[in-house]
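Two complexes, one shared chain (subunit A), two partners (subunit B, subunit C).
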Partner chain A sequence: MVDSLPAHAPAPAPAHARHRRGTIERTLASVSDVMERSLYAEELAHRPGLLQGLDPRAKLVSLIALLVAVALSHSLLVIAMLYLFALGLAWRSSLPIETFTTRVWLFLPFFTGILVLPALFLTPGPVFISLTPGIAITRTGVQSAAFLLLRVSTSVSLATLLVLTSAWNDLLKALSFLRIPDTIILVLGMTYRYIHLLLITADDMFLSRKSRVVGHLSNAAERRMVGASAGVLLEKSLQLSGEVYLAMQSRGFRGYSHRATAIPMQRRDWLGLTVALGATAVAIWLGR
Partner chain B sequence: MLYSPASMHIPDGYLSPLTSLVMLILVLPFWAAGARHLRQRSAARSVPLIALMAAFSFVIMMFNVPLPGGTSGHAVGGALAAILLGPEVASVAVSIALVIQAIFFGDGGILNIGANCFNMAVVLPYVAYGIYWLAAANTPITSRRRVVGAALGGWAGLTVAAFFAAVEFGIQPVLFHTAGGTPLYAPYPLSVAIPAMVIPHLLIASVVEGALTALVVLYLQHANRGILQAPLAAEAPAEAVSFRRLRLLWVGLIVLVIATPLGLLAPGTAWGEWGSQQLATMGLGFVPHGLVQLESLWGAPMAGYDLPALGNASLGYVLSAVAGIILVAVVAWLFSKLLSSGHQEQHG
Partner chain C sequence: MDETIFDLRQVCYSYPPQFVALEDITLSVLAGERVAVLGSNGCGKSTLLKLLDGLYFATAGAVQAFGQSLTEAAFDDDRFNFAFRRRVGLVFQDSDVQLFSPSVWDEVAFAPLQMDLEIDEVQARVNEALSALRIERLRDRPPHRLSGGEKRRVALATVLALKPEVWLLDEPTAGLDPRSQSWLVDFMAAQGEAGKTVVTATHDLSIVDAIADRVFVIGEDHRLAALGTPQEILSDHALLESCNLIHSHRHRHLESGLLHSHPHKPLLAHEHTHD
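Then we have the complex of A and B:
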């Protein structure tokens, strides 16, 4: 109920007007959607641009600082300025601005927008617009809705900037900068890789089932199929984890990992980090 | 929301940074418990296991589960993970899936990773496992009670998780607003947030969670019984069972502590707990003399479960609950020490 679409999500597949999409089609759509987004993000991350050229450590720390500034601000103007800052960064990073903005502002009203609508009337405060006797939009309601909408859209935009301008393995390296233990980073990296393998496996399973279905499956049959597919995927995952363990052991893995020596940050990375932290400090001070 | 339209990934902006920080701190002991549990096995073996289980948790969120009547939705998979891996390991696996969603896919807030993990990777698996354990302990692998326990566990687990998310939303307008009273984050008080979150969840999303959990357990009963055996069999030693029971009790206590500010919603005073001033206004016509005398004997340090110095009634409630639990735990511990030392002396 409270979720918002990331700005770079591709458009949902158009539903057939007459034919109700069944479980198989919907699951296939979700799976291919994630894979598509992942590939799209990787492609954008390798384009030349301002943020793509920055060290992922500098980007990650800057992003978290800016997110904190957005979250702490008591001023709508300051959050709006931070949104414009994010927009500027997207433009300088050759991200498709139209997708970047329309996705946030088209999808946001469907989730957060519907959620905040009653708050316009329910939040106690001085009357802003009186609709009928007894029903009025309050000034505090409008401000409160504006805070939520602006804060969520700016936060989503900032997170999207990070996702779209960093290759996933660079982001992993950046996490070690935050003193996250190496084993956790190893697990995160493995998980990310195997998510894709399991997505492909799930895609194959549902596609092969779809190719054998003529007509419509009953609701109960669809449910049984989902349970069986999830069960098979689980069995495959467990079997794979055993195989991966043996493969790792055969290569000398003993339960801990070593990180390669980090490449020092360049002058431009420090400059980027300083600008972001400076902007954060100013935003926190102005928005206090 | 892209992956699981019925679930509750909280994006950044809904909770104050302080709430996000507190939620992150609350989730840390559960991650530590999961890490400790994994360390008991071979560390080398647990790395690929946890990675694959986290990947499985991620992918299972994409499965569309049809319900009778034409509705369908996506499950979180936390209940299933808890039944298959035990709640400690499930907590870590689902958390990793949620972290990857937030950081690599921009889904769910980055600052709210702690809150999302607490709701979906701690509350959901622990509650679901507790119910499954109650229903399925000492039953054969193929027992119907396991399927029913899995369904109930998934259903109740996600409903309780939704309740927690609602409490996190509901305390925002009370705690964080401008001087003019404008809520800065989620705008609805507990009295609106709780029904708005809990009722749709218990009617649809939690049913989906329960259905998926039960369907997979049913499938495994026929296809791969060994997988179902593992977590419950691991509890065989009596000491481990009692420890787990005790731990569930602590989890329950934490749940209750966090929920204590709900008491602020209730108008009036509990029946029979009136003070002398309230008694005078209740049509009794007089206040018993003895009551007035005895009332002044003891001034409670946290009267009305509040600490006026904090300036915040909800925080006062939570702190009162924590102080009360610590006090009772210390007294119980001293009492048990006293009894056991007496027992040893008798034997010695």
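Then we have the complex of A and C:
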């Protein structure tokens, strides 16, 4: 009888519900994770630090220059030095080094590692380690793999530095420095802004669904629910885009965007840019 | 004679394929007037404001603003579009719709930049709007990190930076806490006192007295049900009840035990007595 349950005691969940995280819980956890990461990134971008204090245009141009240096260098030592340079900048910018390195090295084996694995065996060259007769890891293969892994990790680290030390809005403004059309920058900004709104909407939708689900949903029911939710979210986003366009028209938008003239860079921004370009030149010369 | 800002003659509007939103609306708004458009949810208030702002175009009848017809062809002319948008500002019901830029500063600067104003003028207008709405501290914040009340203030600032002659406000107090509501009513009253024309769509009867000199009521049949002063409209309970703006319900008086039904007037609870 329901009356026999104490008011404060939650009803015992069925065994399968206790042990299995369903689609609803996984989706909610993912949405929450994305929002937390976004919040954390914004918090890092506003910390006092070396790179946070620089103009995003200087950082963007420096990043591109250093990426070119990483790509052109034929010396593992030079690329390793550039990686250490990135780590040093992360440290001086008050970024948590452990998180910074984990973010790069945790995912690297999954993407680049899979790519370099065949190269270890297939690249012709002197044998480095012989596994079985006819199958050996070559010295040239190891060298190629090391180059690729180090290049990718250094490039990703540099790009991560830029993203973690700049507010999204500032990065968008920096893009106009590269002569990217204002309308494209406007669309990128709106995309980022409305992803958050749709995430909140998705979160509300799945929470509302969770509050009405008792027990276990079959896989087919979960698939139907996810499909229906995706459809509703798409419809909402279409409605929203129509209304947003009206709001833009209402304030004078006529198909092309105008942005405020950029504020000139300060002396320290030019200094930072000069250091980065100098490091690039030295890296290219040493690694030629 | 007062200048007519908006003049609507037998206006109809239908959403495709055939959902009627407004039917046979005839009304006019004079310069400097404070007008409330009352109606229940879904009666067509928001559609009416979008017609007045030249975002939708009448499917029948004629809409004129400042003596000129509001048609798609008229807005294709950049000069007309430019002049009209400078004079009329619309605050949308859903602030999230209105806040599409990555930061509050960019949002408030959007309209002045579209108006091709000099950058110094843009900055001055943005600072002025942020200061008037007491949201300077939010200038670098992204809109998704704002509370509902803050979003509404930023939405108002985006229009204030335009310095429009005409304000169109769609359910401006909806979803706000009492302090923000009170502040917003004061803000709208100040715009009216400054000589601006203010048209507010709402179903919140408690603010009508404070924000309007004249009231249009739209019925659930999407037609103009009545127009008059706030006192005339708010005292007509039969009209308000028929337009779903107040409701009747039964309640019992504790002392007398009398059980009866009566309509709820604006802000009236059960503080009435019976002989």
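What we mean here is this: the second predicted complex is superposed on the first by the 261 of 288 C-alpha atoms of A that agree within 3 Å, B and C clash if a C-alpha of one lies under 4 Å from a C-alpha of the other, contacts with A are read in each partner's own complex, and residues count from 1 in each chain.
Keep this in mind: contacts are C-beta pairs under 8 Å (C-beta built on N, C-alpha and C of every residue); 3 or more make two chains touch, one makes a residue touch a chain.
Since this is a predicted model, take the numbers as computed values, not measurements.
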Fit or clash between subunit C and subunit B when superposed on subunit A: fit
Touched partner set for A:Leu67, first subunit B, second subunit C, both or neither: first
First, second, both or neither for A:Leu240, with subunit B first and subunit C second: both
First (subunit B), second (subunit C), both or neither touched by A:Ala167: second
Partner chain in contact with A:Gln249 - subunit B first, subunit C second, else both or neither: both
In the superposition, subunit B vs subunit C on subunit A residues touched: B
First (subunit B), second (subunit C), both or neither touched by A:Tyr192: both
After fitting on chain A: smallest Cα gap, subunit B-subunit C, Å: 8
Contact residues of subunit A, present in both the subunit B and the subunit C interface: 168, 190, 192, 194, 197, 240, 244, 248-249, 253-254
Subunit B-facing residues of subunit A, complex: 1-9, 22-23, 26-27, 30-31, 33-34, 37-38, 63-64, 67-68, 70-72, 74, 111-112, 116, 118-119, 122-125, 140-141, 143-145, 147-148, 151-156, 159-160, 162-163, 168, 171, 175, 183, 186-188, 190-192, 194-195, 197-199, 202, 219-220, 222-224, 226-235, 237-238, 240-242, 244-245, 248-249, 253-256
Residues on subunit C engaged by subunit A in the complex (per definition of touch): 50, 53, 55, 78, 81-82, 85-86, 89-90, 92, 94, 96-103, 106, 109-111, 113-116, 119, 122-123, 140, 142-145, 158-159, 162
Subunit A-facing residues of subunit B, complex: 1-3, 5, 7-14, 16-17, 20, 42-56, 58-60, 62-68, 70, 72, 74, 80, 84, 96-97, 99-100, 102-111, 165, 169, 173, 178, 180-188, 192, 196-197, 200, 211-212, 214-216, 218-220, 223-224, 227
Residues of subunit A defined as touching subunit C within the complex: 42, 167-169, 172, 189-190, 192-194, 196-197, 200, 240, 243-244, 246-254, 258-261
